[in-house]
Amino acid sequence: MQNTIYQKLLSNKVIFSLIFLILLVAPMLLSDFRLNLLGKFLAFAILAIGLDLLWGGYTGGVLSLGHGIYFGLGAYCMAMYLKLEATGGAIPDFMAWSGMSELPLIWIPFQYPILAILLGVIIPAVVAFFLGYLTFRNRISGVYFTILSQALVIVVVTLFIGSQNLTGGTSGLTNFETLFGFHINASSTQTAFYWITVFILGAVFFFSRMLVKGRFGKVLIGIRDGENRMRFLGYNPSAYKTFIYTLSAAIAGLAGMLFVLQVGIISPTMIGIIPSIEMVLWVALGGGRGTLIGPIIGAVFVNTAKTGFSESYPEYWTYFLGILFVLVVVFLPNGLTGLFEKWNERRKNKNVSNSIRVEKSVS
Amino acid sequence: MLVYSYKQNNIEMGGKEMRMQNLFYLLIVGLLTSFMVACSAVDNAANADQPEETEENAVTDNIEGSSEDEGDTIKVGILHSLSGTMAISETSVQQAELLAIKEINENGGVLGKQLEPVIEDGASDWPTFAEKAKKLLQQDNVATIFGGWTSASRKAMLPVVEENNGLLFYPVQYEGMEASPNIFYTGAAPNQQIVPAVNWLLENRGDSFFLLGSDYVFPRTANAAIKAQLNAEGAEIVGEEYTPLGHTDYNTVIAKIKSENPDVIFNTLNGDSNVAFFKQLKDAGVSSENIIVLSVSVAEEEIKGIGADVIEGHLTSWNYYQTTDTPANEEFVANYKAEYGEDAVTADPIEAGYFGVYLWAKAVEKAGTTEVDKVKEAAKGITFEAPNGTVIIDGDNQHVYKTVRIGEVQSDGMISELWHSDEAIKPDPYLKEYEWAKDLSESLAE
Amino acid sequence: MISDLSIKKENMGAVNFLLHSGKKGLIGLNEIILTLFNGISLGSILLLIALGLAITFGLMNVINMAHGELIMAGAYITYVIQHIFMDYVPPTQYYDLYFIVSIPVALVVAAGIGVLLEITLIRHLYKRPLDSLLATWGGVGLILQQTARSIFGAPNVGVISPSFLSGGLEVGSLIFPYSRLFILGLAIVCLISIYYYFYRTASGRRVRAVMQNRQMAECLGVSTRKVDMMTFAIGSGFTGVAGCALTLLGAIGPTIGTSYIIDAFMVVVVGGVGALFGAVAGAFGIGIFNTIFEYVTDATIGKVLIFLLIIAFLQWRPSGLVMFRSRSLD
Amino acid sequence: MSQTVLELKKVLVDFNGFKAINKLYFTVNSNSVHFVIGPNGAGKTTLLDVICGKTKATDGQITLQKQRELTKLREDQIVHQGISRKFQTPSIFQELTVLENLEVAMKQKKNLFSMIKAKWTNEQESRINEMLHLIGLYLAKDQPAGSLAHGQKQWLEIAMVLMQEPDIILLDEPIAGMSKKERNKTGELITKIAKNRAVLIVEHDMDFVKKYADIVSVMHEGQLLFEGTMEQVQSDPKVREVYLGRKVD
């Protein structure tokens, strides 16, 4: 009955479990450092799924160049807890030399790990909800929304850098020691973080898939392809958009927390304009609108390419990466998975013996 | 192994009703597999000289502190931003470090082995600095890292070098309040640049100060110290302004400065902002005769970008200038120009990067090994005839004794020395020696 | 309302803060004039960097994130021309002409880069504006920056301002820098020539026809492909001129573009996509408000406030100040 | 037994000085096929727009069932009041299948959380199948809607409107671009669906109007010029004047 592309793509559970199998045996094959990198990429992949919900496949047209903020908010929440645990409840050094003698009010909740983790999801979601509610209600869309999200990035980054006594300024937060008493940089802890990341990636993936597989997903596609038409079918697209925007922000916050645990630092450079656009590039290059697996591929692929190029050619890697971006965007409008879909389509069309000839609509 | 199982699966599928979309997943599997194979390959290459060791062992070894290479080269990491906004400053330091390595290699290397630089790009992004430092220490097993410029990049690398018991030589003057056992600080501590500069200004130029800085950790911390010092001396602070990094329009700030009319602007702006500030200051009709600017982040190289005619007559405080008159400097400047062209200029951080490599090499020779703990032990009290004069590593905090020099920018873009300290000053990153800094250093005492 | 003006004591702090808490307490006339001038000056800079974008983004709906790199190109061209003059022109009064020469050269070279970009890349992405954002930012921007780094080296390079632009116009105790006045003049000249081209020439009318109704223009025998290329070239060219002017004020380095790109987009969006005069209002509005905010607070808070103002403004006028319908922005 | 379901009072739609609808009084009765005709620019489509909320009335009231005021409601809220609209160009969801188009359109709770929880019920399935048979697209139900022929798309959209079980249906030129055969089929469909609801249609094709109209309204310059049966309309001098140009006195 349901017959859209993405569902077919997900039908094969065997292959699917194979991917997860590989992710699960990776700790045995990779060195600590590489495993740590893979874990970081998978954290990015989690964010990319959220972005794909918003932009790639569903509720189309909502391109946020501001997801670095939500990633950053989640990351900072986690980092604040880690920092406090590292200092043993004393105030962090950067506050001390900014002339503070007591823990500021907004840091107080972050003494408690569970609360910090919850806030790491809730704060991005709340911020996104307000922004989404206002903009979508006023039917700001397309390019305007995109530029607006960039303006917000500048506001947040400038504020984070400017309030050095609260956020550590440009240096951000780093030098952590323990989480729940486990030494954060120990090999075993890092492997555990990797597993947690894989598990959360799986959970986010299946949750998102479940969400969009049903009627809800069709409504989202409807909004993507004809927002006004949906209004006259009795839907309120702004509510849906706000919901997905909020959800994707929460997912980004989750990804940010996993990032901090594995990388051990968060700074405003990770939440600015450049990383925010990079995040969209992962989704665009992964492609396969609405497959939800495309962004995972994109995030892992782009970051692998970036790391690989920069390690092999530290002086010229930006050329390679730049050329790669241009080539994929120009020649593979649907990204890497699009390449595959196209091929898939062609093969299928050859084999089709159905009476009704299906012409692929131009998307 | 993995490649094999992937193929086998492929064949099994083919036996069943094989749908094309399966291939889609195989693509992902393939990608992941190739990622891992590629990584393992890189890892193996990195550990090529330790064939009998597995990955895990190599890493553990490294953590335990034995990064001794058995081959005929010693790997050292070079980690600066080669792309992004910080590349404007850091590439020259990287070049100086490579020059030092080249010279050392030409003179027979260290412990009879050649140095092999492993270059990485920090990309002006602090998490990337952390990642690359980790890579250098864990994958490449480098004996030490030379790198960093911003305090943020140092703070990002700090937990990594401490965790892996690696070494980092950090070449730039900074705000102090730090002394990691795994970092050697070859740039100036605040008492080797800022404190003497303030004293000199108070004696020679007046006592009303305007503090201008970029909005990040160095200017804010430095200014906190300066304010304490000025208050203690009874001088007046007429204004304090911070602008975001990369700020380009200084009209408003200049208007505020003009309305306050201070004797001195103490300038801790960073990078590009200096160019905009000085050009616009000159356009606004403020010259060094009206209000003098003393900068602590403007060296010969920055002057090239600002234009000597614009900044002529203003002051700087450093430990080294291209014009510094020592035999070592004459040679250094000549070699640097021979390597990077007649137009290239040397500057304080460039020099600090350069002699940092020599300090490390000397410590390794003395220790007879590259093992981190032994090198650190051997480094205590080591001296070197650096271009800026004799530098000594302070065993207490791993900073170096340096001579302070106040200079004035000339029309040819060089800086001429107006004053220098009588001797190399002992580094005091926490400003413990100063009564007025008691609050600052006490708040950090652990 | 007016009777409410008596200010309670606890509010005095805020009032003082607003009136700038300096020694003088109240803002004098000089300060007001100076702040206004600074605001207009900042506005003219913003206008200059946004004019090209108002054409490529506003009119053509191409989100060219390599806009900043075109600014960079213009700046480096000025540097190169200066070096050519250093080598071939003796240091006489003609030496200063290098700056005048570099303006048209920057226009032409940047336009050339624009054409190249249009043919190889942008052309394929007209129907995918958001993809053009990604390709130009992630690809073109990175490549151009790295190219500049390879050619000119990573550190900033210096351009010596021409002597006729140093100093300033003194009015009473106030000084209006010549370089600022020059940029203001240049922005006005660029604006007028763009206006003249688009609204008073046949070729400009064709461009507007294509941008407003592509099919219809095609039916009337206008070569839309050529028009696209030319429009993009013009937009790029004026961006190069902006780069040239910016050498008077700031650093010339590989990352110069990144400091201006977002500001340029903000101007166009606030002004209203597709409206040249919207961009003018946007530029001066942002410039003046920014300067005032910065004067009463500081640069960081000023920046935050101006962006919050923009966000709030777009809630009120989602399509900017002036809405002018253009292709594919329905 | 027809009674007034929708009433427009003194409705004004002002586009920057141009009065697309000028103080219009208009009523729609139940169980009738109500056509709106008039020359280009008479305000016919704007009339539909203002009823369904696409365009906001500058002034005046639109009252549903003599009690509910519509002008202040959002588009989707108006839909839930029982007014559905079909647009001139078929606006269906190209990438969803025919069945999914109907699934999205069907009458159900359309708020966020009900949609997330939504499951198929037997009743819903049978209703959709019924509709698929009615519009003759049962065999094509799993095709992407984008691959349908133009006429089929029109029917699909009409079906989507019907799936909402509205009290009032607004159709904007439903037979534009259809073949003769398709027109007849559409006409029959309209007659069928008008049995228990009001249908308001904007149409240019006079033969079609003549064949299926219960009542015809003629609009001119944003106002109601005449209302009556097709015969009455055809014989009215004012209408002739508007359509054929001003006659010499």
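A few notes on this one:
A, B, C and D label the chains in the order they appear, each numbered from 1.
Throughout what follows, a residue touches a chain if its C-beta (ideal position, glycine included) is under 8 Å from a C-beta of that chain, and two chains touch if they have at least 3 such contacts.
All values derive from a computational prediction rather than experimental measurement.
Both chain A and chain D are touched by no common chain. Averaging Cα atoms per chain gives one point for each, and the point farthest from that of chain B is the centre of D.
Between A-C and B-C, more C-beta contact pairs are found at B-C. Ranked by how close its C-alpha mean sits to the mean of all protein C-alpha atoms, the top chain is A. Spacing of chain C relative to chain D, judged by their CA centroids, is 49 angstrom. Separating the centre of chain A from that of chain C, both taken as means of CA atoms, is a distance of 32 Å.
Remark: chain B and chain C have CA centroids separated by 34 Å (rounded to whole angstrom). For the pair chain B and chain D, the distance between C-alpha centroids works out to 71 Å. For chain B, the set of residues that touch two or more other chains comprises 82-83, 215, 242, 244. Residues of chain C in contact with two or more other chains: 145-146, 300, 303. Applying the touch definition to all chain combinations yields A-B, A-C, A-D, B-C. The part of chain B that touches chain A in the complex is made up of residues 2, 9, 13, 19-29, 31-33, 35-36, 38-40, 42-43, 55-56, 58-60, 82-83, 119-121, 123-127, 130-131, 134-135, 138-139, 150-152, 155-156, 158-160, 163, 175, 177, 215-217, 220-221, 224, 242, 244-245, 440, 443-444. Residue ranges of chain B in contact with chain C, taken from their complex: 82-85, 87-92, 215, 238-239, 241-244, 246-249, 251-253, 255-256, 259-260, 271-272, 274-276, 279-280, 282-285, 301-302, 304-310.
Across the complex, chain A meets chain C through its residues 63, 134-135, 138-140, 142-144, 146-148, 150-152, 154-155, 158-159, 161-162, 273, 277-278, 280-281, 284, 316, 318-319, 321-326, 329-330, 333. Here chain A touches chain D in the complex through residues 1-4, 211, 214-216, 218-219, 221-222, 225-226, 228-236, 239-240, 243, 356, 358-363, going by the rule given at the top. Remark: chain C residues 22-24, 31, 34-35, 38, 41-42, 45, 145-146, 149, 153-161, 166-168, 170, 175, 177-180, 248-256, 258-260, 291, 294-295, 298-300, 302-303 touch chain B in the complex.
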